[in-house]
Amino acid sequence: MQQRTLPYLLLLPATLFLCVFFIYPFLLVAWQAVSQDGALTLDHFRTMAGHWKFPTAFWNTMLLALAVVPVQLALALFMATLVTRMGKGRDVILYIWTIPLGISDLAAGIIWLAIFEQTGFLNSMLSGLGVVEQPVAWLGYQNKGTIFLAVVLAEIWRATAIVLVILVAGMGLIPKEYYEAAEVFGASPWKRFTRITLPLLRPSIQTALILRTILAFEVFAVVIALAGTNFPVLMGETYHWQFNLQDRHVAAAYALVILAISIAFTLVFLRTLRVPREAQP
Amino acid sequence: MTAVTARETAVTSADIRKRGRLVFVATIIILCAWVLAPIYLLAINALSSPEQVNAFPKSFVPGFETDSIAFFMGFAGVARALFNSVLVAGITMALSIGLGAPAGYALSRFDFRGKDAFRIMVLMTRAFPLPLLALPLAVMFIRTGLDDTALGLALVHTTLALPFAVLITFSLFAGIPVELEEAAWTLGCTRLQAFYKVVLPLVLPGIAASAVFAFVISWNEVFAAAVLTIENRTLTAFLLQNINVSPMHLKFAGGAVLVVPALIFIFAVRKYLFAMWGIANR
Amino acid sequence: MAEISIRNVAKQFGDFTALHSVDLTVADQEFMVLLGASGCGKTTLLRIIAGLETPSRGEVWIGGKRVDHLPPRQRGIAMVFQNYAVFPHLTVFENIAFGLRMQKLPRAEVDRRVTRTAELMHIGQLLKRYSGQLSGGQRQRVAVARALAMEPDVILMDEPLSNLDALLRLEMRAELKGVLAESKTTTIYVTHDQVEAMSLADRIAVMDKGRIVQAERPIEVYRNPAARFVGSFIGNPPMNFLPAKKGANGSWRVAGVTFEGPRAEREEIAFAIRPEDLSPSEGGLPAEVRVVEPLGPHVLVTCDVEGHLFRAVLDSDIVLSRGDTVKLAPTPDRIRWFDPETEKSLQHHQ
Amino acid sequence: ATGGSAQADILFWSTQAAPVEETQAMRGQVLSGFEEAVDYQATDDRGPWLTRIEAELQAGSGTIGLLGALHGEFVSLSDDLVDLSDIELGDVTVNATFQQLGMLGTGEQKYLPWMQATYIMAANRQALDYLPEGADINALTYDELIEWARVLAEETGGPKFGFPAGPQGLKHRFFQGYLYPSYTDSAVTEFRSPEAEEAWNKFKELWQYTSPSSTSYGFMQEPLLTEEVWVAWDHTARLADAFNQRPDDFVAFPAPAGPTGRGFMPVIAGVAIPRTAPDTEAAKALAAYMLKPETQVATLRATNFFPVVEVDLPDDMPASVRLSGQAIARMANADDANPSLLPVGLGEYNGKFNQVFVDAFERIVLAGQDVRQVLDEQGETLRSVMQDSGAPCWAPDEPSEGACPVE
Amino acid sequence: MAEISIRNVAKQFGDFTALHSVDLTVADQEFMVLLGASGCGKTTLLRIIAGLETPSRGEVWIGGKRVDHLPPRQRGIAMVFQNYAVFPHLTVFENIAFGLRMQKLPRAEVDRRVTRTAELMHIGQLLKRYSGQLSGGQRQRVAVARALAMEPDVILMDEPLSNLDALLRLEMRAELKGVLAESKTTTIYVTHDQVEAMSLADRIAVMDKGRIVQAERPIEVYRNPAARFVGSFIGNPPMNFLPAKKGANGSWRVAGVTFEGPRAEREEIAFAIRPEDLSPSEGGLPAEVRVVEPLGPHVLVTCDVEGHLFRAVLDSDIVLSRGDTVKLAPTPDRIRWFDPETEKSLQHHQ
């Protein structure tokens, strides 16, 4: 019957919506990246790529995503597994773990800055314990390593909850009977995790990974708060070109680069974590 | 196996269980601490006087000074901004679920051409920096009169929240046996009714997750809110957009004022987030 | 009027053909039982009738109306799924009431129907439970009750009693038959329990590898299998087959014994007899006993007749043991003959 | 009038006085005196501010009545600003230099000067004990500053000089208006001169004794208050909190001098009216109100920005006004004073112009790249910025024909 | 050695007691069939043995070792789940291989065992499919194959053949019995098919409402039910019960006919006879025919004896129809008597 048209009907509202509120403005902006005074040009990309900060920003962004996303996934999986084994009090624990969800990246940046800044809580604690005599400049420009670490920690703290919620919701849908069968057939808790949870959770993992990776490529506020300009990232550069340098063309080029790497990673996740139709429950 | 070794194994395994339990509880506590410690620090700072905030070494107990918080609460228009925020977040939630859930359903139940293209399109909205889109959107809104309305801002926030709604509902719909739906069809449901009566309750966690994300995204979004609302500022645009250039104690107080409602919201929906019907039989 | 007519329906799953051109008509109010080996396509056929699966070819008519393009809910059917599909988020009561609520029946009527069907299925005391708190058989009964409560024109049941104990099943079977007859429902009922099939069916349709081989009254199917498959499939234990070589004057020689048989052009055909149509008697087929199994009032004797497996159900009084040789004489009018190539019956009236 | 009131409010869209307390003060103490309700919206983040006004300009209709921003922020909007020369200011005397700047190199009054500030030095009194022999705090040289910073770093256990090099910090102004004029008597022409090289090397030396957290400082008042830093350079408004909270613990003093004098630079904020303003007349009235002496004093209290019109300051001004006022006066009246003007005529290239200095800083000081090479490369960038914008030189560079050249 | 011993096990689900104090010992290599009404606690008992459910009370011993606190995987068991629990994300091959891979068996051995058990279950050609592409019966066979491939000490099967057709079931049953005997596996097998129970079991344990009522050899259970429930539950159709009034000289009067019976203090006890132990004969119990159902070689006659439901399985030659009156004489040595209160057998040897 409508079998063939139904999916399109279902997608229609979202598609129309996105066409008006995303695709249209997006095309306008994208056009700026590849044009100058109405003529096609790649100059803006050249300007962008030629700027001395571009490679740093690019690799910093990648590095950050590579450091943050896998840890978040692992941590969230771990937490979600703990959740499924909890009895009483699960509600409370879950709530606590999802608290960072409600905290904006700006606020998270403030919080973590309060920890890492020179007169911050970390130094207060360390000097209180007598570990250090002088407050350490964790975020000083020479300490690229600790800056990176601080950003990674803050990002992990802030955004693991998103992954956690997606995974916990997904885990709740896995019928217990499969765990029971696996258990009877000799699977240790670890094996049950790798052989049952992970494969059956594939759609949720895929979703979480895609969303997190995309968000990781857009990280901005936390980095600015903690690292300032010491740790340039693509999104920060985009912002900078758009508003401080007021070169919308180059800013749009940056945005397209962010978009391109996001799509590339998304495609990888879509392919590698695909669940064949026949293997769906 | 002899009885002796049997007893031994029984004992040791009971022991292991006890130890495992301990490790389990300890891990949970550590993780809770990891999450709560920064929040606690935020609370300390928000509840301290400016001097305490700027002191070194810092105190790890709050000074219980509510001046900074009171400063924000005393702002004229806070109540209205709060109302706007809730309104915008509410519309965003409704729109993103209303638009996203059907799309997620289509992605999970059908194989059709353009499926991946659609997914990519949805994700692009998330992968493209919003500040660049704000200008054309603002122009469009000013021209159409959507400017400075809760609906207008909610539309933009929906663009941000929609990918979450689509993907999350998709991944959870994929876990619901089609057979339950089929049963509903044979019992007189249209596809839509089956969706609402059978699928939706079962993916309640997914819906709740999407709702939370939509809410939180809208709640915390500053840029579009700052550009697209003037009279009808949201609380975030009202308080947060200048927080970076405000003195420390106000930064924290402002942060805290913004965090609390979001936490209340999550608290309110938490039980749906993890509602489990035991699709499993037992 | 809810006659079901399936015309030339086929179903492919990728390369695999689950149904080859199926034709079947179920008369209004008829109780049709579908029997067939595991994987032969019974569920697929039901799903096509219900509209849950689109046939690759062919037409489905219900009540004189072509329904191929109608969604399930507009076909006036109810279905019991092979694995129940009880909604996990609803109580038993709400599960049973589900279809009724869809029809917007008044609350009192819903209550009445739910209570009635639940009582019928002996799950009246479980109405408040969720499916996760039910045993397998209880869940299955919820599925049946849910379909019955609908009082549909057509009901499709896919092994609805398979998880029930014999006693309950016997009861349920009787109740079902009564209720469905009373409500004038046209029924297609898949079962693998032949006793059930025999006692419930107005007609039995036997399926084999995606085809319907015979669809007739139970006794016909049992006594006069249209094809060798039917004979071997129906009856527990199944019919025995032995090769018959052409003898003189249109007679056939089976394991050294001569029988009158049909005229046939072939040199060799198949002789068939049901295990319970055998009795020990001189002049019978020589059989060497392999296994003797008690079946309550009878014994099932598995023997070897000229290298062929041969079973007989004999009175339990007869004492036999492994290695004995016994002569088993078939009741003459129960002997059937089959063409070894087409596997069709050689005297079947069709 | 705040957040939300009647539709007729004049929307004052500003990048200044963004910190919440200042915004509050602007609304409650400055604008409440105006006859009509004003909706004062301030954001420090250039993004939303610019996006909104550009959107209104593109859409051709808007809600913004009055724009408040820095000189540099108006330059790119120049074409879309209403001429304000017909505003009746009465007996108010506006600083002529600033008024001239407000024309943005055109014949029209694109913006009216609104308030001014500058950058000065601040120090914790404890630091004074370490002042090098013979150095006068009110007439420091860069060498003395470096020495002072060195002694502080060595004797107190860590660097105590602080510099706002964070993302919100105004570091580029230091290079444009302080370091370069003090060493090269130029900001553009001599960008890559040997003197400039020396200036950068001096700065590198100073940086050795600068708190490494400087790269995350936006406002110096906080590190001063936490005593992470004892000596700092920053915008007066960004030091105000320190002076106000502990007036007795801090001193304010002029920026140091170099071989070519004591370079310093004013900060000018102005008010302008976009062509899309819903009610230009009302906006003009508001602009005029902003320039009234009483308003200017109130603004000073609220924002720590000084008046641009002639006023008599009352005695009960906050500590910050008192302290920085003195330091500014000393700086401006110093014998070797070498004031720079804000860039004019850069238009949309304003940001890129600043970026040249920021990049030079990041490359030379933070990344430790070769000074000569960086100056050559950044010099090229600067040259193309100047050429593309066509902006002529401004003080202290010699006036030029056409685009200001980079030697 | 894998003797299973269940001692005083009870299980509560909230208020509901699913098992009351169950005691059961299954000898090493024994094939124990668990029979009982739907919802009586069979699955619960298996799950407790497997370690999937914690008993509220009592102990479980396997192979002389107390296993209460061991996780399922350390109990040396395999299980066929009532609803299969075939992993949807694995192919049939990988499903069957699952347990073997967990044991880290060499690849060749895994292949060998999977292929062998798959062939045994007639699903050799489906190895590449996913469970979503299987019919109900096929899925069930995958579940059985998965358990068999483990070659465990103890195998627990929860209605493993319920979704198979009679023929296949007959075959599977024989194969299962053979394989399990060969591998010396101790088996607990839940079924509701009594023929299956009879032909497979070394012993049959009959459960009623969370209690084990009798656990003895099949023929004992059939012939000498320890309780009225057993008689009425086992046998298809079940045993008939009629009230017997004390007559003279220790005889009992049943529907007007006098029988010798046990000595009992009571005025009224229950007379019981299986339907197939009746034959039409003068002097039998007067029965009014209500329904006649053909069952292949026999007819099931449902009658009314003095207001009580009474069934008889008679030879199909006998022509009867509704309303006829027939005298049904019980075979004397098959008559059983029950105490109406305790419902225990009055001559049972226990």
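For reference, chains read A, B, C, D and E in written order, and residue numbers begin at 1 within each chain.
Here is the rule we use: a contact is a pair of C-beta atoms (placed from the backbone, for glycine too) under 8 Å apart; a residue touches a chain by one contact, two chains touch by 3 or more.
Owing to the predicted nature of the structure, the values given are computational and were not obtained by experimental measurement.
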| item | value |
| --- | --- |
| Least step count from chain B to chain C, where 1 means the two chains touch | 1 |
| Which of A-B and A-D has more C-beta pairs touching across its chains | A-B |
| Remotest chain, chain E as reference, centres from CA atoms | D |
| Geometric centre distance via CA averages, chain E-chain D, whole Å | 92 |
| Distance between the centres, which are taken as Cα means, of chain E and chain C, whole angstrom | 22 |
| Distance between the centres, which are taken as Cα means, of chain D and chain B, whole angstrom | 40 |
| Interchain centroid distance [CA atoms averaged], chain A/chain C, Å | 57 |
| Touching two or more other chains - residues of chain D | 45, 47, 51, 226-228 |
| Shared-contact residues (touching 2 or more other chains) in chain B | 54-56, 131, 135, 177, 191, 202, 222, 243-244, 248, 278-282 |
| Numbers and ranges of chain A residues touching at least 2 other chains | 3, 119, 135, 175, 177-178, 180, 200, 239, 242-243, 275, 280-281 |
| Interfacial residue positions of chain E with respect to chain C in the complex | 13, 35-39, 42-44, 82-83, 133-138, 141, 158-159, 162-170, 192-195, 198-199, 218-219, 222, 232-238, 274, 276-277, 293-297, 300, 313 |
| In the complex with chain D, residue positions of chain A that touch it | 52-53, 113, 117-119, 133-135, 137, 139-143, 224, 226-230, 239, 242-247 |
| Partner chain A, residues of chain E touching it in the complex | 50-52, 71-73, 77-79, 81, 83, 85, 87-90, 98-99, 102-103, 129-130, 132-133, 146, 150 |
| Chain E partner contacts - residues on chain A that touch it in the complex | 175, 177-178, 180-188, 191, 195-196, 199-200, 202, 275-276, 278-281 |
| Residues of chain A defined as touching chain B within the complex | 3-4, 6-8, 10-11, 13-15, 17-18, 21-26, 28-29, 79, 82-83, 85-86, 90-91, 93-108, 110-112, 114-115, 119-121, 123-125, 127-128, 135, 157, 162, 165-166, 168-170, 172-178, 180, 200, 203-204, 206-207, 210-211, 214-215, 217-218, 225, 235, 238-239, 242-243, 248, 251-252, 254-255, 258-259, 262-263, 266-267, 270, 275, 277, 280-281 |
